[in-house]
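Two complexes, one shared chain (chain A), two partners (chain B, chain C).
Here is the complex of A and B:
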């Protein structure tokens, strides 16, 4: 079979560059109304945009059926696929879609031609038979479910392939079009088949809308659903019926081999993007439509390439994008979160160093000399300057030259932040030595990490636990939460409460 | 006349022909806090599930408020074992608690504002209101347990069946929950709790059900919590029963 799907696209794209091509394009743009062709791919000389326009304006009948079929198929695959994914039934979906194949062949043989209804019934029966066999193996032996699914999948598929080969050898076999049931061909969809796809999609939408709650609770917690007195089994079978119908009507467009991918991939992509079921259903349907239409489009573009693989490619592209750019679970956002965390920690370390430098001068004066800071942080003045510029960028620090020497000044917000980091650090050291009985010389490294992650509430609890301490294990003063707050609201400080003074005042 | 919230007669349950519960007869009186204790695999969860028809009984019957479970289901609340669900499921805390209202909504009913208010009140009772919008996978084990409890409270039932609601819960929360259960009891509700810790079982519950594949004893805690009966429940004597069960299983194949 031909799998050069990328070829059609690149072929067209390179052609765009040739001047002769532009001429043809222009003439076709002018005469597009009169341009008649059985399918778009017959218009060898048009460019991608022109073909796209032709495709989506649905001027050709074939295109219209294929496009509508793909849209409806995308919706039902997205809806049912979402339930498959959250119920961990992906392998079951795969088995079901392979198990229907012998039914397709038998339906054809019984009807003597490619009759959509005969094939529909044959496929549904085969699917049910496959499901029953899985359950039978599971019930009567100690073979686990995944193995029995695998066996039924391969067994039924094998029988299906053998039958199909026999049909191909029949006198009428070469025109049977049954080979399209393996990898799908949206262009081969008949109007009846599109109606069937639309019917299944409509049934899925209506039933999911009506019984969303029942499906939700049954998927999340089947025991609880039963305890509510809901007919949980009934809704389970309803869902499975919809799933079977979706698979069966999708065969012509997507093919038995890859239907399960169209069920799983759009839903799995949606699962990465949201954590509410109803949104997942909507997004998955959207992705399903997108992949279906894109697959159908490229299939036309590439001279009737099999649709199934192209649809799956499109949905895989969607998944890849979700994988990288999902706001919560995506690689990029996780990377950015980590990055911004690192920047914050770096800034807090600079703030802490400024505090310590001022502390070493008994909090005299307003700013700190960059030179002192560099010595404190064990780096060159240039490196320190770069650090300070980062602080300035977040708006907590000023840089000024005094008598030709650079000085750093924290604004109140920056100073509070610096005090808070120092407080966290020293409180944690004290907690480790007093409560967790660490040796005082062991606690520093741990506190270096913890100081950046302690929340306000934890700090409050620590203070209470340590009875509002004034000094850390090394004898340094701890800026207290109360002091920090007071410094925000009032000008002066009551120096009797703690030994700590708010130096910036 | 006082109703009998729960009555079972000769309740027998088997998984794949292997019996795990033999002929359980109980009559639970109204307004009691009842503990169900027994070793691992004793069939405690199975008993609870069989009462609600979650697993089919192979023999005997269950009556809830004098009727079949199907008729009484609206008056029964359930807290399953925490591990029974996938906590990565795409729902938030509020969604889960609202599920407690589903039984009252009928086939097509929509969740109304009053349902939301009830769910919120129940979340508040277990101290989880601030987490209402949280995705459930971001909860600690104890918080998940409290969400399940809130869901059961939202059912506004007269009989509660709770499967190990104290697992993974810290001492303070456990005390708060038991306080909550006592409050329910004082309002005439009947509560069955599967519990694993014997010392606290003695202080928490009015009545105890000692279970090990069969009902060893059922009665007021004072009478049942004896060395002899506990020995019978946890001791080795029942191994014969499970050996027989395994033989039955082998022969049936």
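Here is the complex of A and C:
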């Protein structure tokens, strides 16, 4: 059986293009699951470091079961959570985790004791009933989905609370340990329960690998999935089924109230870090394992602390980090990107002003008097100097004193960029007046914004559309970049000639 | 253990005298407060909930009710007292923080609103649970209260008299005031509330600000959820918020009628819930939410024109 399993996995891996990571992950899981047990009886330590050592050396059975449980839990929560996050079903996990409560109680009552299989069965049944009811309410009434999710959540939970209250009043009920199902205690996991968690994790991994494409297409484009002839509904229910199993086996470790967090938070953190689904699945599982182990560890350190909230806090910490520092979607990198965009726009405005000053002198001479530039930009000379220093910092401008007066000189690259900005501005103005029929005195503000974002491709199309114009609506010349570039390459970029040949002249 | 005896023990003996007569005669004093508290909570939540449900904010209520917990605990740890004011400030602060965090995560990253909601309230709730586990004995808030409330505790409070007219436990009085406030504000601002709930475009065009309405409603929701927290806990408050409004909307199309029905449902829920809780010896909040869940199921199946049976026959 194991052979067949391994074969199926490696066969599928070639299709999802991320074989090595998953294989490593799998082998780690199976290795740790079959690791040899070592018995130790010394349970007297109180020192934190010794506790840590005890935890990580995994000498105790309790620690090992708790740890294994959290690892498997992290994997299945991360995998399925990724799908529910991209399917915008995040709150469905919350509903499901509360709705299984009456099933847990009834399973307990039927078996007459805390039998993991009876509880698993009852909870799954309640979870399915809850799912069906959410869909039925949506189909047969005008009640919206969020309300129906809330109704099933609270209604089932209330029934569960009533049943659990009754069980606690039974002569056998006081030591039932059912309250562990609300906040979770990983240390209270039994070996059977860990194997059940492992089974669900294995089933999730295998099914996700087997039906990766089906799940993927169904998650992002239901219409496309249908057009391919995929039974999208079937795969949706398969996913929901796996989700229900995961929630049910997680109850003992994380607790009903917070299972949804273990589904949503690691997946959402992974969502911030990558744009590819298979990477998201792997990262989310990794985060799930990390939070699970960390939660189990802190719960072990402080004896009375429930595991669920600690796991959630660990995963929230991971989320906070990726929220701020994700290389692509993080707040900090976004902020830096925007900041550098603002600096670029400011520099381009300076370049444009230099162009305009030179234009007002008929492009005579090379440099621009800082004082002229300050008058042009409507600011003091000091402010203009500061602007120019920023330009110098990016290496497109030189500042020199001639006869005691400061002058700014653009190097060829800077001049090229100045021409490009002016060209963008004037082309856009022309486009607005000629094609979009704006009045010529209404187009300037719009062009002020668009000049910084027009791409080379768009500029080419604008030029073509306007039939390679020479003048803007205000009668000023539009520098054509193609000519300019030619003149520059002929002259050599480093060579400072006396001004640049203006095209179209 | 014998399974059959478990089942028979599950439902205790029923005595009409004890369950239905005594609460209204001999033991009127404690039970009238439980009944009133249940009624006020369900009425306030249900009345406001009608609008919350319509504006698709049902799960925001869920989020606020969970994140109230750390607010309460921190307010207690800071002020070292169980006075109403610091508790209330802490809880409302937590409610505002929740909505703000959801907005920030939603706007500043590519996380969708539903996931942002799921992240924020579970995190805050987890902080709350850890704080309760660490300082529980000082805070006098146990996890049971968080999970299903302690409505019965109103009977342990000393009575405080109002203007010398009558005397009632403080929390019942407070909840009564909140319920009156909710009903009063809804009646007073009925028109803008309806317009902004059903047609935000029209509301904007006649000079109303939907944002102001939204924030006002959120604040009212926070106040109601916070005041109900100790009575019904973090989760069951969702039942009180959603069930009356949705059940009523299955029975009528007219908003004034719907609002009236929510009050009837609150009355029935509190009454039957109290009796069931007394009979079965269970948490009153759990009993009330089960009763209004049952009422919803009945309406879903039997409602004229909208019920399952009616639809099947048509």
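We adopt the following convention: the second predicted complex is superposed on the first by the 390 of 505 C-alpha atoms of A that agree within 3 Å, B and C clash if a C-alpha of one lies under 4 Å from a C-alpha of the other, contacts with A are read in each partner's own complex, and residues count from 1 in each chain.
Everything that follows uses one rule, which is that a contact is a pair of C-beta atoms (placed from the backbone, for glycine too) under 8 Å apart; a residue touches a chain by one contact, two chains touch by 3 or more.
What you see is a predicted model; the values in this text were computed from it and never measured.
K.L.:
One more residue to check, A:171. First (chain B), second (chain C), both or neither?
P.N.:
It touches chain C, and chain B stays clear.
K.L.:
In the overlay, work out which of chain B or chain C sits against more residues of chain A.
P.N.:
C
K.L.:
Where does A:271 make contact in the superposed view: on chain B (first), on chain C (second), on both, or on neither?
P.N.:
So A:271 meets both chain B and chain C here.
K.L.:
Kindly classify A:246 by the partners it touches after superposition: chain B alone (first), chain C alone (second), both, or neither?
P.N.:
Neither partner.
K.L.:
So, does A:88 touch the first partner chain B, the second partner chain C, both, or neither?
P.N.:
both
K.L.:
Let me test your reading of the model: by the given contact rule, A:76 touches which partner, first (chain B), second (chain C), both or neither?
P.N.:
A:76: touches no partner chain.
K.L.:
Between chain B and chain C, whom does A:291 touch in the aligned arrangement: first, second, both, or neither?
P.N.:
Neither partner.
K.L.:
Now for A:384: first (chain B), second (chain C), both, or neither, which partner does it touch?
P.N.:
The answer is neither, since A:384 touches no partner chain.
K.L.:
On the A-aligned overlay, A:65 touches which partner chain: chain B = first, chain C = second, or both, or neither?
P.N.:
A:65 sits against neither chain B nor chain C.
K.L.:
Of the two partner chains, chain B (first) and chain C (second), which one does A:424 touch, if any: first, second, both, or neither?
P.N.:
So A:424 meets neither chain B nor chain C here.
K.L.:
Do any residues of chain A touch both chain B and chain C, and if so, which are they?
P.N.:
88, 271
K.L.:
Where on chain A does chain B make contact in their complex?
P.N.:
The touching residues are 86, 88, 139, 210-211, 213-214, 216-217, 219-221, 223-224, 226-230, 271, 274-277, 279-280.
K.L.:
For chain C, which residues count as touching chain A in their complex?
P.N.:
Checking each residue of chain C against chain A gives 1-3, 6-7, 9-10, 53, 56, 58-59, 61-62, 105, 108-112, 114-115, 117-119, 122-123, 125-127, 129-130, 133-134, 143, 147-148, 234-236, 238-239, 241-243, 246, 249-250, 280-283, 285-287, 289-290, 293, 296, 300, 306, 308, 311.
K.L.:
Residue numbers of chain A touching chain C in their complex, please.
P.N.:
Listed in rising order, the residues of chain A that touch chain C are 85, 88-91, 93-94, 98, 109-110, 112-113, 137, 140-144, 146-147, 149-151, 153-155, 157-159, 161-162, 165-167, 169-172, 179, 182-183, 257-258, 260-261, 264-265, 267-268, 271-272, 302, 304-306, 308-310, 312-313, 316, 319, 323, 329-331, 334.
K.L.:
Any idea which chain B residues touch chain A in the complex?
P.N.:
16, 49, 52-54, 69-70, 73-74, 76, 78, 80, 84-86, 89-92, 95-96, 99, 102-103, 105, 107-108, 111, 135, 137, 151, 155, 161
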